[in-house]
């Protein structure tokens, strides 16, 4: 079963099937990810959207083996290699080289006592052991230049605290692409940055993607970013995918009530808003999941059967949604 | 939301607090035992620590667990009696240092200005010396003896608490609720008493517990050199001096050394647990930064 | 800072003059106390006849010129005594510091990487013992075990009693014998150093390893460490090149504190091992109420302490790029 939604027939570079991540907490097992399946096609931008606690970050971290204190089951096949349960040595060699990840906070993501050039070198030489120090240093300068930072050579001698937030995020990106990965996972890359800088970073990511053909997985809660950058979208709620599909159909005709709620929250310039719309209630905690559909308590369309069984992803119009109650073709009000 | 790599935060602590676990528990029990022994010893001690009871320099046996010393006294019993000196002395030193340090530090922190400057100068000067040298100098001047050693130790130790309290007072002073208390007309004394001091006691407690062991060590050290308790007192440091003289009768020094070790370790265990509970960063670097 | 030094010297002077004990006893002996002529002569010679404030001023004046007065017991200038004995203490302290730092950092890293496993507990226990052990008792203990019983290592003193000291260049027996090409003396000096330096170093290991472990664990929870792991760096690289560099910064500040600890320990260790350094000098001075010597040693101690703090600040500024550039 493919969750592609568009059926282009391409072979996904990353195929996740029924991924489950359960944390061991003193208060009992906490299932943060409950059966997530998705595909990442080469060269595309897939946006994974959700509130805090929806499990969007944990999904990606678990795939790379970066989660501690949790049990991970399911499958995540990257380029023919099963990542779940892979031994640490091989997983480490894939991380940063074939599948890279960048994180939200550029302020704390870089080591304050090492120069930029040195940190870049370390990442390169970890995956290309035959690379000499000088060659790595040279390549570091090239990378810094590639991410649109001027005076690259001088920057490589600088320390992180001498750079602005936007520049640091660019350095992070440089580190991530240093070994020419096939997939780049960006976890909220612009959340901690100013709006103008956000646009630059997103543009940079897009440019890199087009140049090298890498696939970009964009984890975010910002629908504005999604609209501008993504090819396909997966909306997550309470550890599962609520809806997925190509970006245009999803934005224009969302099927799942949660997606609709998210889109309704976005203020628009062409429609008058008298009241700030928001989704009632609060995000559900993995420790206290209701039986049935996890969104039901907050859903204005919910009927009795919603509390009985969790819905599965099925095709509705141009998208796939996990909802048993749908109003026709899901047109926006 | 930042990438969650570790388990979501616990909602409530179901496990026992660090107090009662592992080494801390052992430490606490050890201390309680020592205190009990020290308090009740005169009631049940089989021999007087100052009187010979057997032949001299006997090696350990069932009748004399740690043998006898050069005057024929039971070493084990003397070691137990040593607690009656070290523990109270250390307690007095710590309590006095805390009180003196609190008064000075709180005053300096609260009033600021020239009072702060003068008091902190005194603190800086005192802390500029390695503690043992200063203690030695003071004790030597006042004359050897455990009482003078005690005074010397208080004089050496109080600046630590002065610095600590001053930092705490300054930190608390700047918080809003103190301002609001001020605004509604609470007297300065009240503010100090009801707000500042209760918030400051945590690091003091942690520090004091750790320091207790160090004071015991310092007392023994001073006695070892001959400046603290002196023979025939069964103080542990003095006993080790005797042990050094009778080098090949290892049990004499061993008994006292083990006693010291047990007490100091116990205090360290408990202190560590306290520090983990209150999550106070190590205050070692407070002792030498003057700022 | 010079003000601080003056303050130090003043305090020590005041303290020493408060004594109820009479230093004259040391100088001329009990019997002569009843002889007024001897007493008067002694007082004149040692400057004890003028009122205390005058003594203070004279002492301060001399001090500024580097004259610390004459020791009651050795009859030599205190300053000369100190210079004479300082290298012995430095050799001991320096070696102990090196041992302590090397093993302390190593143990701390070991403990942090194997958090909560057996290795961690053993390492922490070992460190804890180091902090709780009375240095003088440990000295006796190791002497007894390794010298008296096992005979692996030599006994007290810097060299065997019958051996000749190397000609003095630095005052460090190890360095001097090497400079003279005298390898047997070098080995002997080193062998004599091992026990006392290890005993002293154990305490340092205690302090340093606990700090390194705690700092390292702090660093492990930092974002950049997670990022480094995400970039596929080997765990060893993550620890050594990334985390450790940051974790060692607070360790630098602790070096000054450690120095105070070492001085304390040196006093006791030198006594146990009959090491002819400043520490044992201080002990003898205290026992015999040799006031110029006591004041001299204490001032030296304070001065050394201040210097260490200063140097530590400078080193720290160099090591942390954030401070360096601001």
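Chains here go by letter, A, B and C, matching the order in which they are written, and residues are numbered from 1 within each.
Here, a residue touches a chain if its C-beta (ideal position, glycine included) is under 8 Å from a C-beta of that chain, and two chains touch if they have at least 3 such contacts.
Quick caveat, the model's predicted, so the values are computed rather than measured.
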| item | value |
| --- | --- |
| Longest centre-to-centre distance from subunit B, chain (CA-based) | A |
| Maximum inter-chain contact count - chain pair | B-C |
| Gap in Å, rounded to a whole number, between the CA centres of subunit C and subunit B | 22 |
| Chain centre separation (subunit A, subunit B; CA means) in Å | 54 |
| Sequence positions of subunit A contacting 2 or more other chains | 66, 103, 105 |
| Contacts with two or more other chains, residues of subunit C listed in rising order | 223, 226 |
| Contacts with 2+ other chains: residues of subunit B | 2-3, 5 |
| Residues of subunit A touching subunit C in the complex | 64, 66, 92-97, 100-101, 103, 105, 108-114, 122-123, 126-127, 159, 161-162, 172, 175-176 |
| Footprint of subunit B on subunit C - complex, ascending | 4, 7-8, 11-12, 15-21, 128-129, 131-138, 140-141, 143-144, 148, 207, 210-211, 214, 223, 226, 250, 253-254, 256-257, 260, 263-264, 267-268, 271-272, 282-283, 285-287, 289, 291, 294-295, 297-298, 301-302, 304-306, 309 |
| Touching residues (chain side subunit B, partner subunit C) in the complex | 2-3, 5, 121, 124-126, 128-134, 136-143, 213, 217, 220-221, 224-227, 237, 240, 243-244, 247-248, 250, 253-254, 256-257, 260-261, 264-265, 268-269, 282, 284-285, 287-289 |
| Contact set on subunit C toward subunit A in their complex | 222-224, 226-234, 237, 241-242, 245-246, 249, 319-322, 325 |
